[in-house]
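In what follows, a structure is listed as structure tokens, so that the remarks can point back to it.
A, B, C and D are the chain letters, set down in written order, and residue numbers restart from 1 in every chain.
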Amino acid sequence: MKDRLNREIIAMRVAKELQDGDVVNLGIGIPSLCSQFVPEGKTVIYHSESGVLNYGPMAEDGLEDQDLINASGQFLAPVDGMSFFSSSDAFAMIRGGHIDVTVLGALQVSKFGDLANWMIPSRGIGNVGGGMDLAVGAKKVIVAMEHNDKNGASKIVNECTFPLTSKSCVSLIVTDIAVIEVVREGLKLLECAPGWTKEEIQSETSVELIFAEGIQEFSL
Amino acid sequence: MNKIFNSFEEAVSDIPDNSTLMIDGFAGPGGTSQNLITALRNLGSKDLTVISNTAGLASVIGFGTLPGKTPVDIGILVENHQIKKVIASFPVSPSPSRPTAFEKAYAKHEVELELVPQGTLAERIRAGGAGIPAFFTPTGVGTTVSEGKEIREFQGKQYVLETALKADYALIRAYKSDKLGNLIYRGTSKNFNSVMVTAAATSIVEVDKIVNIGEIESSLIDTPLIYVDRIVEIKENNER
Amino acid sequence: MKDRLNREIIAMRVAKELQDGDVVNLGIGIPSLCSQFVPEGKTVIYHSESGVLNYGPMAEDGLEDQDLINASGQFLAPVDGMSFFSSSDAFAMIRGGHIDVTVLGALQVSKFGDLANWMIPSRGIGNVGGGMDLAVGAKKVIVAMEHNDKNGASKIVNECTFPLTSKSCVSLIVTDIAVIEVVREGLKLLECAPGWTKEEIQSETSVELIFAEGIQEFSL
Amino acid sequence: MNKIFNSFEEAVSDIPDNSTLMIDGFAGPGGTSQNLITALRNLGSKDLTVISNTAGLASVIGFGTLPGKTPVDIGILVENHQIKKVIASFPVSPSPSRPTAFEKAYAKHEVELELVPQGTLAERIRAGGAGIPAFFTPTGVGTTVSEGKEIREFQGKQYVLETALKADYALIRAYKSDKLGNLIYRGTSKNFNSVMVTAAATSIVEVDKIVNIGEIESSLIDTPLIYVDRIVEIKENNER
């Protein structure tokens, strides 16, 4: 089997999409790693639905404060210019269109940009959390995930079979083998992981991809 | 007009069976009214409906928990068979190998669940406190959480009608209260606490410290006194 | 013509209705005078839709602060334990049922407790301000007004002819000659101003009043 | 990412004809962006729709005005024939003998008015900022302000459906801003400012002082930086 990119490289590729001044909410898992890879010179403002804006690094060991957490329950370091607010205000920001980019994990993404990321049907119960709000509210939704599930099945599908998080919300999919844009006509392959051909990526993907002109290797 | 109670037990002593309660803290112990929850467990009121972001997470996976600490959350009410129904956005453990007490009870059909997106949950509670019976939101349209609800289009986009949530009691965690009940929260522990305190008939608050009137500067007050009915100071040593 | 009570006495009578611990919003005019007459030993919490709770006396001359006003634009003195909030929060308190009593002026009150207090139709334009919110949101609405308008017409009417503020909202009417309770059956005369008989009050009132048993003189 | 502008003129210079603006201060000069309003008058943009609690009151009756002061409010925009429509709760003078500029223009059919109860106005603006397109409220049911709108019963009580308000620009008055745009307000001057700042595509804020990041403590921040686009410091001597 071919080499796939690790979680850090996926996060690094996503981080390249973030623009100077963007207000960004990072989901749990691979998305949470993106903040480490924002290029020098770009200022990104982080928002967390735990009720904090403009946070910075995680707290150092021994300096954790239980009143200073992000939405993953990690401890944040206090930094100048950060602010706190209620859950209703946190989601007013999200739903009101004040978040520029959210990066979310996914179980499935459809060719229409539909997102399913909150419940594996076999479990019969799941956490919606803030994902549905982020998916409808953020100006841009980027999915960061492994291309295939642990059984090798394509997580990029013609129609989501898992319960939906939101319809037609995803703009860009960054996986461990490809960067794919959601366009009106379907899914457009933009970049391939090093060593992968577009045909090889197509064979791992259950949606028929549109091959962009000048498909490149992953640009970091 | 005295709102100060001397014990957590006394502050929750009139909560009857079948009450609806708002209890939160996002998920971690920072903003969770751990002492009031313990007192309610000791009281033993049954058939409670609890509105909460999670259904008890920290006690299982240590979410937001300082190293070496063992947090209390509504999991102890589930374990004590006091809860009939939970209204939450994050009811199960993200780690299937470490299920929450709620999840286990749910699998045995001992508890009901109303699953609500987190932003919709916060907004429904705010609406309850603000006299808004219902509102339209884009969140959840086209998903299972909007099934059976009215969908309406505004300016080309679809929205679902959601209704307000209110409670008989809210169990709140704040940082400080003055003797009138003006509250401040600390950092991210504001979360659902500052919304829930507005939406319950009776709000019961545990705080690190009760201070004299004027010791909390007006510009610092997060929750004005009208939302607070009972205050209890946490006597145990507190590391903050 | 018989003597009528002055504005201060009307306010004094209304103040007697306020209970210890009540959260109270006072409208412009006669209602604003009530705070001077709350009996010793009763603590009343004042709310103003300018975004302040638990205010106390007016500012002394020379100590006015333009960032510390009530809804009438009067300057307040800073006091310990007062708090400030946005207009949306101020009205969340009102609409959400967190105000125990509001005292409002009126142009007309109907026998159903309907209130009209925002526009004289001949002017063609008027200020709704916060009155409609207060009338529907406060747990108890007390009207403090002159019994008759400047032409002598009864302001207590069978049906309001002026634009409504809110239907069936008024609980108690305190005027310069009477205290009248709004009950299911209509308007019940409870108290008469000194020197006035119930028949004399009826003759000034275009609604047929119910005479309570044991009608008393104004109790202050 | 620099949000700091050197002049009020520069900060408003791109406001085109036909814009919708939110401008407030409850009614008094304390919370009113008097310098930005003056700059907008000098710019001269026409056919503006202005969302405001009053339609300019302080300049006529001295509402909330310190002795000896002459406040500026949106009355000067009305007088300069820049306003097409006002959405307000308190459009006229309480004293008919001292009518506002708006009232006189309204009598001549030069301006339109949408009259909105004050709480509904605040909630519609909040909804605009919070992604809620419409909500039900009890205020105004059975009155002229709910005519033609949907009425619905919830739990035996009637409510009217009201829709969100948004603006192209908000002209905001705050007390301090840090260089990132985190704001604090002073006392009752928070009023509509802290709501309007969330509901405009571009929020322009005049402040007594722009301070370094960190000089406004996190727990004091009223408006987080994401709602603020442009900041101008008031250079004139300020008595506070």
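Just so it is clear, a contact is a pair of C-beta atoms (placed from the backbone, for glycine too) under 8 Å apart; a residue touches a chain by one contact, two chains touch by 3 or more.
None of these values were measured; they are calculated from a predicted model.
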Higher-contact pair (C-beta pairs counted), A-D versus C-D: C-D
Whole-Å gap separating chain B and chain C, where each centre is the average of the chain's CA atoms: 37
Cα-centroid distance, chain A relative to chain C, in whole angstrom: 56
Between chain C and chain D, centroid-to-centroid distance (C-alpha), Å: 28
Contacts with two or more other chains, residues of chain D listed in rising order: 123, 126, 130-132, 137-138, 186-187, 218-219
Contacts with two or more other chains, residues of chain C listed in rising order: 84-85, 91-92, 94-95, 137
Pairwise touch network: line, ring, star, complete, or other: other
Which chain pairs touch, all of them: A-B, A-D, B-C, B-D, C-D
Parts of chain B lying in touch with chain A, wherever the complex brings them together: 26-31, 53, 58, 62-67, 69, 89-92, 94, 96, 103, 106, 113, 115-123, 125-126, 137-145, 175, 185-195, 240
Partner chain D, residues of chain B touching it in the complex: 123, 127, 130-138, 152, 154-155, 157, 159, 163, 184, 186-187, 218-220
Touch list for chain D against partner chain A, complex: 1, 126, 128-132, 178, 180, 182, 198, 213-214, 218-219, 221, 224-227
Chain D-touching residues of chain A, taken from the complex the two chains share: 20-21, 23, 43, 45, 47, 53-54, 78, 80-85, 91-98, 137
Touching residues on chain A, where the partner in the complex is chain B: 28, 48-52, 64-70, 73, 75-76, 84-88, 90-92, 94-95, 123, 125-133, 136-137, 163-167
